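One chain, chain A, appears in both complexes that follow, with chain B as partner in the first and chain C in the second.
What follows is the complex of A and B.
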């Protein structure tokens, strides 16, 4: 398909406009029509669901996308766009859109305890306050309707197991139901009522949850399929004042701001519930990141170590990989293939497994490292030794990749260049320094940048080896070997509860930082390419 | 809590953040870093679990899926409905997120210390179970699943730390922790074992496993208010008793007698004991299978206290069934949890399949008759205090564990406990 599209010249004269159309082969045209049809029909099929879910943003995005795709591929005008559009769409979907949503979340207090809206939270607080009356009877329940099983109106046909008497409960109250047929303690038939099957009862869960039968001492509510209980709640919601009153104690709970979130709090400072609700907090999360002295110093300290870790990881793995590749590239080495296969082993083992093994190797008393070396260093106990251990482990995991890449690059360097250098007197190390190494850097430099970016966010290594530790007793949030990514994840999903809003703010800052670092590196890489 | 599920957390974290972070690395493409292939693999595991389409959907974990499926299928047959039981990793977080999006299950099975967080997220509904029925469960189990004066879970299992002993190495059951430490140290000095007393510490510490020692030395984490609920404003870490406990733990640490060491961690504690390299193991019912398979004589008892000190009180963890607040099949969910599960038959199936010491008193009695060892696990659970399930507890485990690790490594016991108390108080205020 690509070669077909390359054929027409970018600038077509109006006169030639009709001609190339015929030159298109039929299968390609069919394929194109088919792909366009699939794109359009997918979006058409998605539309009702998006409308139902009221996702207007997605709806607009998908239709704009369809128009763009049709405009670009069904016509012959925008030839460059035909190549740019797929990449641009992917860039938007997987980079721009996540960044925008992360930024949006960073402007809220979203987290554990604030996931619901205020209406939902209020309803849940009220619903969860229903308590069953002590010593009140449990009724045997048959749900019935005087209308249709799916729409109601519904009634509870109840049998008190103690007396065996049947009654009917609606939202108006409880009435005796003398002419009902009672079998095994349940109403099985009653004039004017249609009984619901268990599945119908379940389908009507939402409506039935609202049906309460007011009686003395509370209200009768449904419990599952076959039971009803007498329960009551002391809490009453005042819609105008937006407060909740406890009718037993008289306490009034009003929404009050505590920290970055609102709770229902009484005049004497008692919280009604730990449940809060989502709210926009503007730039408060960013203000917190920059003004909280601990967070700022943690962030900067962690950033420094992240840079060191990524740099050293790349440098050490590249150095070791290069040395081994050059040694094994020499024709005089016998059994090259065997050595190369053995050296690739660490790369072949899933890093999750090797990392867990290594975390055992560094153990003070039972670990392989101390056993072999005769040391008794508590590697993960001290900040410096932990850092050394992490770098060394990452060297083990990473050098085979560099070895592989450099071996490939070495074989692409023409032998005659080296021979020529040798004839000019630049043999041995001088030859390597002036000829081989600069040529080696050209193909590998972008990979070094990619490797740096990977190690900048190398969560697995840190998390599985040290868990970010060692920590000091006064600071459980940032450990000695924490990278920015593991630090952020602890903030976002740590044991102290999820703080999505704040962690998103940190992630946005991290995104900006990584972007700047990567831009700087590409500039440096370009300089490398000037070698030739 | 008992085995850090680092891999699971890693998966979630990476998916959530790498999209935003590594996107900026300019060359967004190649995950070809030094340890390349796993970047992709972990991202695949992360996708939030999809809710199966059925009339009753239950989420649980891998260890309990068989018995839960058995009970659920029978429930489905009785009611003529379809049921689906799914094993979900990182269950609590995934459940809360899915439930908030109305994509969650109808019933969830999990530990009671999730309740505080689930309630503050409005994720579960209270259960209405009569006082008579509740009376059939052990007190500590009912206490644990009660939150804000409401019952939120139906308990089926109780777990607490116990003391395992290799009877080939240490024939006598220790009456106090001091006895156990003395025997262990003798064996270590004689070169018979590598570790005197296996209590997982590690570099990150383990406040859960240290709790029996801490309570025996007079410490507590959160006090209780008049109604018996844990009070987040009454923090025991940093008070005088905790300072004394810290000082004593320091004496037991690497700079002192060496009974406790950071070399023993959750990763190797059970394995070392099963290898015969330690005479004692402080662990829970989940270690029993490994200990039984080890091939030496063993015994188990509730953790004794220090000589002349308070009794040791481990945290009791209770396993329970919950009804989701946003489930699509609430009526069936209520019926299943408060009806079907609330029977001796279902509880028996859970015990046979998941092997967690039961919470139903009648089942405890019948099972102890067949398996006398079970009594030690039940004694330990009954002697323990329910692990606080208030959300503030999340701010306790990490710093307190790290404090123990530092103290065992030689930091000043009293001072570190004061510092840690300040850290926790700052985090929960």
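What follows is the complex of A and C.
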């Protein structure tokens, strides 16, 4: 809750007069040394891998982190920072940076088929064009992984039968592997690699078929479970011109923009490959969002329902919670504690459980709702009934919170105020409307706005209940109960293919809208502060 | 208690966190009126309240009844399940732990590991920060507090795409924290490390600073004051914030479903969702059994901490 927290802390700064001293106790010192040692040694251990992968951004981040940790904890200065740094680093890394990064991604065409950089895509195109000549050299192959056997990343551990030398091939290239254990002409163990069993190799065959190890004048590819071959390709990449030439036909392919993606295209318009790569597209994603009539109407329609959903969620839960609180908050009503304990249940049960349960309740044929009411409504089949179902479910989830909050607020209203109102003849509903309700709103209004903000991005309720549906056959991207957040997530991770760049642009717009809600929240709480 | 006290996380004393605790004012066992009410008057003034209350109880409880009934129904299908169980059996619970394709025990363990680590880290970081914001005056203090408030209005799931791409990249160089690892998922969830700062700070502010001063005079450093003197006083608020953090992570679904794709690393939320998605009509019993095992400890904790929670949520704590 905001209002009071914006004020200065109640006892302004006596603590700051007493000069804080550094800590000299042994356990604290030990803890300090331990933390410093762990952080530094972890980063030192990570550095070679980061350098090898040329992940300069990560490298800089980790070393700045080390400098920060040393500066803050190895010295006696900056005492508040000693307490703030751990959380601040986490907050920055996994909230603030991703937000900035979302904006960056929204300026690209990143998505399925464009995850690779242009260098990687070029290597893949060249690798895929490798063909096996009749006299191509062969290698003895053991497939290994540095990650997991089912997901990779994979590496070819190769032994040249002619020389008996072991090497490791990845999509980066071929490197010698001097410390590998070679038995019967095959690598059987190597530090840092887990060897796959034949069954695992078989399971990963699709990914392994795509793995090509670029070498001069060709590439090494898999040939069955135990063998690999060195093949050659007619394609040659010209690094200066950034073009690919087919030496057999003489055709030159240059990067060309088609739609929102770049491909290698020849002068007569032939695509060399459907392989594309990540490219900056400027504001194209935003332009698309605002000019494509279909997307604009999806966006506006979803936004409208998001507002309605958040408003109705707050209004219904607050109304029911208030009614219950007023009815039950009477000292003559016995068993209030029992009521409160039972009414707490929907709030206490983890929400994903309730939502999955409720999604079954609305089933047409066997759902509990139709069963109990004798109806046979296909709730999730129509847009309006689905919306009603969503709101009612959210009411069940949310009313206990409002009930508890309003009960607390009611009990905080001085009894003599109500009595005075009664003496003035303002009994019953008038007394409630003019005296009690305004007094209730003061402490609860900020919570209502917070609840609105929460429901504005309430992904779980929509996704676990309706999945965003119902969908019309001609529009699989925006459903009848979709909120902006579930719509965005479907664009990014949905079945119809990832569109990270475009989805990020929508996410940025959603950030802005959330910011407007947040600003309202700030203003409202400030104004309330003035009222009190 | 004035309305002001309700408004923010500045309870005057630990006990006051319990805003509407107990049965209201020291409830006189007899009605305050001197004479006994007639039956008619009792119905008009009190009885109808129980009617409304019981209706609300029925509304709140029927899904709970249904899930209990489904969990103990040996047939386990939607068609065969009613609000009141006709047969009692534990086959659903047994099935949960015997099918290796849906390792429920593993999911429980994963969830426990994730929730415990995130809760520990979140509450520790928040308590540290709350101490700094409450007890020290430094440049950027007010700005920092406002920034925290602002950042928290943007839910982390808005940045899911960027987080996914970040951990795809990270996983390539540090596989131990990549996608499909619990460690990576825990790290993401720890982005909310400061979620409880305001709540705990309010509590800190209510502890008289004279306590710290006395300790400083006795030669205690800032760490000693925090760990030895203030921390023991914080226990009630730490309990509430821990519970809120824990439950928030238990119900986190979106990022878990994108990060934890392999069956062995799933959390209960993603696991039970996959059980339901696979076969909605026949897996109800399994789902209900798993849901019960997950919900019971949480619900018991909520009941146990009830009077603290009420104070916590009125002060702005939000459960996921």
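Keep this in mind: the second predicted complex is superposed on the first by the 281 of 532 C-alpha atoms of A that agree within 3 Å, B and C clash if a C-alpha of one lies under 4 Å from a C-alpha of the other, contacts with A are read in each partner's own complex, and residues count from 1 in each chain.
Note that a residue touches a chain if its C-beta (ideal position, glycine included) is under 8 Å from a C-beta of that chain, and two chains touch if they have at least 3 such contacts.
These numbers come from a predicted model, not from an experiment.
In the superposed pair of complexes, A:459 makes contact with chain B and with chain C alike. In the overlay built on the shared chain, the residue A:523 is in contact with neither chain B nor chain C.
By the touch criterion stated above, A:493 is placed in contact with chain B and with chain C alike. Legend: residue contacts after superposition of the two complexes on their common chain; A:515 is shown touching both chain B and chain C.
With both structures placed on the common chain, the touch criterion links A:401 to chain B and to chain C. When both complexes are overlaid on chain A, the residue A:99 reaches chain B and chain C alike.
Within the superposed three-chain model, A:349 lies in touch with chain C and out of touch with chain B [touch as defined at top]. After overlaying the two complexes on the shared chain, residue contacts for A:472 are found with chain B alone; chain C is out of touch.
In the three-chain superposition model, chain A touches both chain B and chain C at residues 94-95, 98-99, 102, 350-352, 356, 359-360, 363, 366, 401, 446-447, 450, 453-454, 457, 459-460, 463-464, 485, 489, 492-493, 503-504, 507, 510-511, 514-515, 518, 521-522. Within the complex formed with chain B, the chain A residues making contact are 94-95, 98-99, 102, 112-113, 115-116, 120-121, 124-125, 127-132, 134, 138, 198-199, 201-202, 204-206, 208-209, 222-227, 229, 231, 273-276, 313-314, 317, 350-352, 356, 359-360, 363-367, 378, 380-381, 386, 394, 397-399, 401-402, 446-447, 449-451, 453-461, 463-464, 466-467, 469-476, 485, 488-489, 492-498, 503-504, 507-508, 510-515, 518-519, 521-522. Residues of chain B that touch chain A in their complex: 4, 6-7, 9-10, 12-14, 16-39, 41-42, 55, 79-81, 93, 96, 100, 116-117, 119-122, 125-126, 128, 130-131, 148-150, 194-195, 203-204, 261-263, 265, 267-268, 272, 325, 328-332, 334-336, 338-339, 390-391, 394-395, 397-399, 402-403, 405-406, 409, 411, 416, 419-420, 422-423, 427.
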